[in-house]
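Below you'll find the structure, written out as structure tokens, and then a few comments.
Think of it as A, B, C, D, E and F in the order they're written, each chain with its own count starting at 1.
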């Protein structure tokens, strides 16, 4: 089977990770998975939310949103509607949990990092692109907090690993990696998988969009996702190895 | 390892499914998983939301909520706060998707069924109890619509299968079925699994609460959950076999 | 005249008061007036709202709500609508005022008790059932605060009396006690009366639904209500006399 | 006992009813009960809310609000808070019910009249002043609809009577008519009574602010209120007898 | 060209400034520009918003609103809609900025003055009437704070000047001063100008409603506005020269 | 006087206008005024808002927003706060009015164009950059509607001119063109001016941030702004002359 953009089933879209995109944020990454573009800004503030004060531990959280015309049809702004939709809530929470999986709160100290992931253009996989980009912005923000602003002792390691994410799905009977929007809407099963750089799972969210799926289908999707995440982890590593001039 | 309530790792809590709980709803089930009690009311209305009109297809949706003192500490009402929280949104969407997985929209015709799942008392696993109970309420509501109210031709089969759900998690290194609240807070990994009665997966949501998890841990959790869902499907079948006097 | 359920005009519906319904709340009562069922949970917290701090006095407040399918037709959730309706506000305030009428704030000390009254099934008289049940939950919560948690000195008497409530109305020219929903919609005049156990009035709220009412009609309604409240006070006393195992 | 402003217990404050206050509204009355000033504007629109369409019947509703500095201390605007408070809801509903008690919906035809009662200055009794003034604005609006705009046939009588309201309360053991703010805060019992011009009751709302009240206290308050309403009905009649130049 | 009310193009409507309108507010002015009537209440509170604490400087802010039937057609209440509209926001901000232009924050000390400008009846120019009236209410409130309540040392001068505002516009090719509503809707260009008493500009807001405007048109509008503001400043001075009995 | 970035007082920052930025929108422009970057997406839909239906005329509107970390310090999302702030409202309305000034509604026909202006990075002048970029996006969207989608007859001219905007201000006594953020906060007077390509004014909004300004200062600011707009109009023309491949 040939995919709409000529990829093999196991192939990621072209991925770019552009660091230092905005001059204001302590970490700022424009990540692209093909035509999906997400701006991930990390903001560091000293102190933690009230419920965590005095604990000596830090906090990391995330907010996800789409520009109104990130998609093919314009969507109403959630600020205008006066409420955040279920999908936005769900994805914001997913990104936050994923990043917290590689944070050592004690090492971070009583500092807070907020990741804003704003989708500038969407073509499927916005949440997985957001997680993958947000990790890099987080790493830059932690580096800034530790080495520029000196909020964290040099000996500490606030990051315990790396994290990336990819979508997989069964389309027309074939398991595919990194679905574009047109593939996503045709998928029987859709799964988002978040992995650490050492190949373990942080989140596994599989949904039968049309047909319930059997255990062996689940297994082949997990194989595909794990391989995709390994590739993404390598791209994150390369991006972070490059010098960043602020 | 011995669990706080003496269960084996593979054992469900005592499950009760009480049909016909409320006199108003077309399907009404009070489901208990141990001390977790959820009232699941199914409401049938003729017609569908605007975006589906004229399609000849029906719609099923769900809303989940907790009474303020369902938990050990009182929580503020979302109606008073003026907004629905992320967790509520996430679970409502999960229940809706799970039930829609066993619905044939064409067979349902242009009718809408809303499942209200209100947690009266919580002790872990509220979303999985809600799905398990909501399926039974849905079945009663479909039966009412088809055989009492005659909205659906007798020959049609709006339900394509059954659906149930259970939580699993790794606590202190051991995979456990159907976590109570105290187990849930101590779990390294927490997973909610929704299965059809024929053993396929509808939703798989696994989260590393503390430590990322390896593929073999994921596999043993899936085994445990699949077995639990099979047991729950049997309990649903028994409950539905009993006569219901409205 | 014979009522739809065979009662005499002066007769209450069967009333049940089930204490200790929920394991979490400090006072928890499931009260039924016929098919009307309200879960009344009392939550005790140390401390008082900001405007009362340092006064040495406590506070008691209430929140009333209906499950969406407590009634014959499903109502939208107020949390989803993002605002509390006028009727909900009005009844919550009524319940709070009624309970505060029998509270000695000084004796309660700087503690707060919140009464959550959630209607699980409605068939008329939900606010009067809520007040009657909430009083019993309040009594259990005060007892817990004083004798289990030791927040209040044993010598103090935070409760200065008992309080119960009942609806009355003129239907087809006849004054009736404790209206069911079908009677309520046909009533010309509808009145909710809250009394103390010693026969005095805490709240009298009479409304001409169709025809304005004359003084003698008002008098006969008050007579009927006072007798009903006396009966309810006796049922509350019996319920509270029984041992409660938590 | 001498009252702070020298009135006898049975005496109303000076009441003024100024018709035609605003040039835009179909009925516009600035009513004063002493220092309490409420602007009551009646707006007529053809047509009725959706749930009443095709019934041939009209609708009357009311909205009550206070300017932020109508009181001694500035209150936050409900528009800024983004929600309407319980007290506002309660009073708006009371005014609407009171006016609807003297409306013949059939005679009104499918027209809607909204009464906006905005408190410009408050000194106790704002809701009773609002009802008393709103009735006059309603009468002017009905007249305009019938005789100026010809929306209603000349032979019909949309108004079936008149309605006015007054507060009464027990202060220091004495029943007093038409409480000022300083009396209101010191009252043991506070009651708002709405009567028709022929002496029947539309609403009776009595609240034990401090001490529960006995039946004979209730009776003396009702006597006082009925007499006060008779006086107000006479003042309304006089105001409406005067010519109104628009 | 003759205007609808017979004024010359350079003529203001009859302006009245009634001080001490409400008994509660520290400054209270009912200002009329013809049929436009705005109640401007100034409330003084000790202390400043959190972000200004410890600065030794005060704060002045404003809130503008319209009664629902201030206009020819009834508008929905913003409190009922649950949100403040863009126009309300814009005007509130304009009034606040205009008044702050003549405030010496240091001299005011850590006190806050809120100006509530509520339009009771609208006929064009509500924002300019509000600014003109609010200045007078502000002056009275400052005087009260300084000389009655002694919050400010007698030697200080919290007010550095006076401020007034007027609308101008080009209607049918002719620049007109102080537009009524009917002129406003026909204007090609509409401008609101806020001036100090010494003839300098605080705000200039010109909008091409229909046709973009040339520099010479802008100049003639500014001339007209400046002259109008001078006249208004004189009326403010006269109003403030009169004795105020509170 | 030398400016922080070495510009002369009359000099714009480097301006770039990148068309076709997003693949989804009918017009999509990323505009930069120095470090200020605004993404302007134009969305075309057939039909108009309800209040304009059947008029034969179209509609153009705009929504402005900032990403949370567009600025130096992170701001809370308006969607999370549940309400749109006054500044956002004010700027959205300004952009909409500015663009409508060059639209012939009749020629546009019953089509709606929404301009979403999202600030990705802010360094002063976001509203003027937004207007300047939005005009170009609007031109592309009109072209698409007319020549690609054929919603508008080829003979019509929906755009009656061009529109651009720039900020000016007096900093340390010197009138400066196109203020950066650091200049803006130090400005005594701040003015935003919107001009058509033929040199007429659409909006003039001047505010005395610190000191009221005299007529000659206003004049020199208007001169500066008019020259800046002329330059921007030329840049818009060049950008639109280039071919756009979608």
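Convention: a contact is a pair of C-beta atoms (placed from the backbone, for glycine too) under 8 Å apart; a residue touches a chain by one contact, two chains touch by 3 or more.
Computed from a prediction, not measured in an experiment: that's the story for all the values here.
Peer 1: Going only between touching chains, how few steps reach chain E from chain A?
Peer 2: 2
Peer 1: Keeping to the contact definition above, tell me which chains border both chain D and chain F.
Peer 2: Shared contacts of chain D and chain F: E.
Peer 1: What is the chain whose Cα centre is as far as it gets from that of chain E?
Peer 2: Most remote chain from chain E, centroid-wise, comes out as B.
Peer 1: Return the chain whose centre of C-alpha atoms lies at maximal distance from the corresponding centre of chain F.
Peer 2: The most distant chain relative to chain F turns out to be C.
Peer 1: If you average the Cα atoms of chain C and of chain E to get two centres, how far apart are those centres in Å?
Peer 2: Whole-Å distance between the two chain centres: 51.
Peer 1: Could you work out how far the Cα centre of chain A sits from that of chain D, in whole Å?
Peer 2: Result: the chain centres lie 59 Å from each other.
Peer 1: Can you work out the whole-Å distance between the CA centroids of chain A and chain F?
Peer 2: 33
Peer 1: Taking each chain's centre as the mean position of its Cα atoms, how many Å separate chain C from chain D?
Peer 2: Using C-alpha averages as centres, the distance is 29 Å.
Peer 1: Can you list the chain C residues in contact with two or more other chains?
Peer 2: In chain C, 82-84 touch at least two other chains.
Peer 1: Beginning with chain C and moving on to chain D, name the chains as they sit around the ring.
Peer 2: Around the ring, beginning at chain C and stepping to chain D, we get C, D, E, F, A, B.
Peer 1: Touching residues of chain E toward chain F in the complex: what are they?
Peer 2: My answer: residues 83-87, 89-90, 92-93, 97, 101, 161, 191, 195-196, 198, 200-208, 212-215, 218, 222, 226.
Peer 1: Given the complex with chain D, which residues does chain E contribute to the contact?
Peer 2: Residue positions touching the partner: 22-25, 28, 35, 39, 41, 43, 45, 63, 65, 67-72, 74, 77-84, 88, 114, 116, 118, 120-122.
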